[in-house]
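Here is the structure we will look at, set down as structure tokens.
In this document, chain identifiers A, B and C correspond to the written order of the chains, with residue numbering beginning at 1 in each.
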Amino acid sequence: MMKASKIFLFLFFISCVINVPAQDMSALVQKVKAKLDLVNDYVADGKMKTDVAFIKAPVGKIKIFFKKPNLFKIKRNNGISILPKGGVSVNMSSVLATKDYVALAAGDAMIDGIKTKIVKLLPMNENSEIILTTLYIDEADLLIKKAITTTKDNGTYEMQLYYGNYAAYGLPDKVIFSFDTKDYKMPKGITLEFEDNDKPTEAEKLKARKGRVEIIYSSYIINKGVDNSMFK
Amino acid sequence: MMQQVIEVNGLTKHFKNITAVDDLSFSVREGDVYGFLGQNGAGKSTTIRMLLTLISPTAGNIKLFGMPLHSHRKEILQQIGAVIEKPDVYKYLSAYDNLKLFARLSGVKVSEQKLMQQLEIVGLAARAKDKVQTYSQGMKQRLGIAIALVHDPSLIILDEPTNGLDPQGIADIRNLILHLSKEQKKTLVVSSHLLSEIEQVATKVLIIDKGKKIIEGESAQLFDPSQTIIELITVDNNFSLHQLQKSGWQKNLQPQREHVLLLKLDRKLIPQLHRDMVNMNIEVLSFQPRHSLEDYFLQVTSGNQHVDAFTN
Amino acid sequence: MWTLLQIELYKIFRRPRTYIAFVAITALITIVQLGLKVDGKEYAAFVMADLSNTLQIDGKIINGYFVCYVLLQLLLVHVPLLIALIAADMVSGEANMGTLRLLLAKPISRTQFILAKFFASTIYTILLLVWLAILALFLSMWIFGTDDMFLLKNNYAVQIERVDIFWRYAGAFCFAALAMTTVAALGFFLSQFAENSIGPIVATMSVIIFFTILSTMSIPIFNLIKPYLFTTHMVAWKEFFDVKVNSDNETIRGTIQRPDRLINSALILFAHIVFFVGASLYVFKKKDVLS
């Protein structure tokens, strides 16, 4: 008898987890999306720091361009910019642009002292490049604090977003984008470097880390129109 | 007394196990045209190169202008002009540019006018601006001499200056040597393997062979006509010798060399000898008068045998 | 001494052979520039192939600074051969022409003569590098514009900011001058021992090619001798193009990753020059001029 009631309770719990919160989560995601939809386009100034194990790069000034639904471009002012492949997902609007997903609740978590809901987004389309996106949403302010995206080809990305002056538009002040870097070896013959295993300690130190791109937004110009040519 | 321009004592040079110059001593006075005679390979060039500091001696000492060469190299070389063997210069430069370059190396500033004058003297003025690679051997030789003279040296060393020249070129060089000696009062050292060249210009002669001094003497003495040697080839040398021994020419007979009879006599007596030989029925095939040095030199160079002493 | 140096330079620059090197460098550089101008994107894609699996690199990879780096990598292997052509001929060429005996019978000291000749070949070397800089750096900057430099090292890539590059090239060219002077000194030294130009030129080229191969090959036994080969140190100019990073892995402007290596290599090259010139002096002062 005890056993049966235990099983029943378990099934009940499961059904609660699956059914009831799932609907809630879709609504929450929609609310977040609605907030983001307030922004039709923006041009932002910022700084970008590329921190990839095997790349030494300077902090560079950048301009970020966005236009609904999913046009997104980072331009370094007169320089070379290094972004993870598929860098378009640095932008949350793009993640949420598609409607064909199932949003599942996966509990709560504290991020930077703020309580967030964990939401798993599963794309309906089987051919989608994104397999799974996990969002950590600050329910009170309708802000995405963290997102983890697993893709078919480009591994898993993690994004942490920090908000400030532009929180009302759902636009972050800082985004830290982490991604996996494959072990990387230069093909011989191209570099013409004489040294064989150069600077091993340095290289090892760098390799221990994940790849990170940090974007600090200093100012946004919102909804003033952006020409499509900027995204080419 | 005239100053000694060159004094060489006990000069020796070994190249590994070859002795190129062997205990050579000689001296050259101011105003001399010093003839330096020897076969190719006798050690003439090595000696001249030692005088010019191109080769360092194994032993011996050299004084030029009264100063030891090794300690006063710069002052000494300033006063020397030299053509060493082939007159090699920069072929991609013109005669004018070569001359200017070597004048500067000699430490003198020479005006363009002076340079052209110098080229005029050696007959190259018309082609002064042409590259040397277009020159004939004779022209190069003359340029070499112009280079040797450009800084107005008091001692001029010409090593085989007539090598590769045609008869006219040889005559030009000879006249130039005489001009430099007589008109400009230069001291000259002229080396050659040809006696004929030296005897026409030299005031003093040194013959070396295998690096050793064979003889050194005044031309007036060595080319003395009273010491003429007659080389005589007759139909029957034994008969001729017999006849001569019986005659008054007995005292003039020299030791016979192979099929040649040798007589030493004063040049003036040659007509008399002719007449006497006709009277003695000596049938002459060949009659060759030579002066003593020539005879001597031939022995050294052709027979390559040493004559222990040269006696008058 | 000054007169001697002037005369030596005059002789060098009056010879047609001298200009072969300038023409060769001009031809090589313009061909590479043309190729990169036409097919630069392909080249960049080829070089970046491995990286572009993970990363997306935007910007003018093929810019003047990068092109210059590519050119220097290629040419600093070949320029030594061109330098050998002149330096290894300095004394042997005079011997061959027959002018050596004429020169040394002049009132000039052998020490000054040798030093003047060596300095003349050094000046030639430097002029060749200046020409190289004009074509490889300034012409490339003009043709391709400037931007950040993105370089691939053996184990990592480096991005150097545009404003942080020019001084590195200035340094690299100075270092190259030192490296090439070492080559000139070697050629010069070998030139004492022959009475024809071909021998020392070929000998110098052979030494450089042989040592370069040893320096490049990654075979353990060769690795042991690598630090003792001057060719290994000749490529240390590349150290100028590696930057220090801070704890956040950001590059620090105006830094060099391994200045110690740079200094070490420079000192080793300098020591070689001193040795070769010193040995040349010693040999030449004792030399009997028989040519």
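Quick notes
Operating definition for what follows: a residue touches a chain if its C-beta (ideal position, glycine included) is under 8 Å from a C-beta of that chain, and two chains touch if they have at least 3 such contacts.
Please read all numbers here as calculations on a predicted model, not as lab measurements.
Legend note: the chain whose CA centroid lies nearest the centroid of all displayed protein CA atoms is C.
Of all chains, the one whose mean C-alpha position sits at the greatest distance from that of subunit A is B. With centres defined as mean CA coordinates, subunit C is found 48 Å away from subunit A.
A separation of 101 Å divides the Cα centre of subunit A from that of subunit B. Note: centroid distance subunit B to subunit C, computed from Cα atoms, is 53 Å.
Residues of subunit C found to touch two or more other chains are absent. Residues 46-47, 49-61, 73-74, 147-148, 150, 152-162, 164, 215-216, 218, 223, 232, 235, 238, 242-243, 245, 248-251, 253, 257-258 of subunit C are the ones that touch subunit A when the two sit in their complex. Contact residues on subunit A toward subunit C in their complex (touch as defined above): 49-60, 74-76, 78-87, 154, 179, 181-182, 184-187, 190-199, 202-203, 206, 209, 211.
On the side of subunit B, the complex with subunit C involves touching residues 15, 49, 52-56, 73-78, 80, 82, 84-86, 88-93, 97, 101-102, 104-107, 147. Contact residues on subunit C toward subunit B in their complex (touch as defined above): 3-4, 7, 10-11, 14-16, 97-99, 101-109, 286, 288-290.
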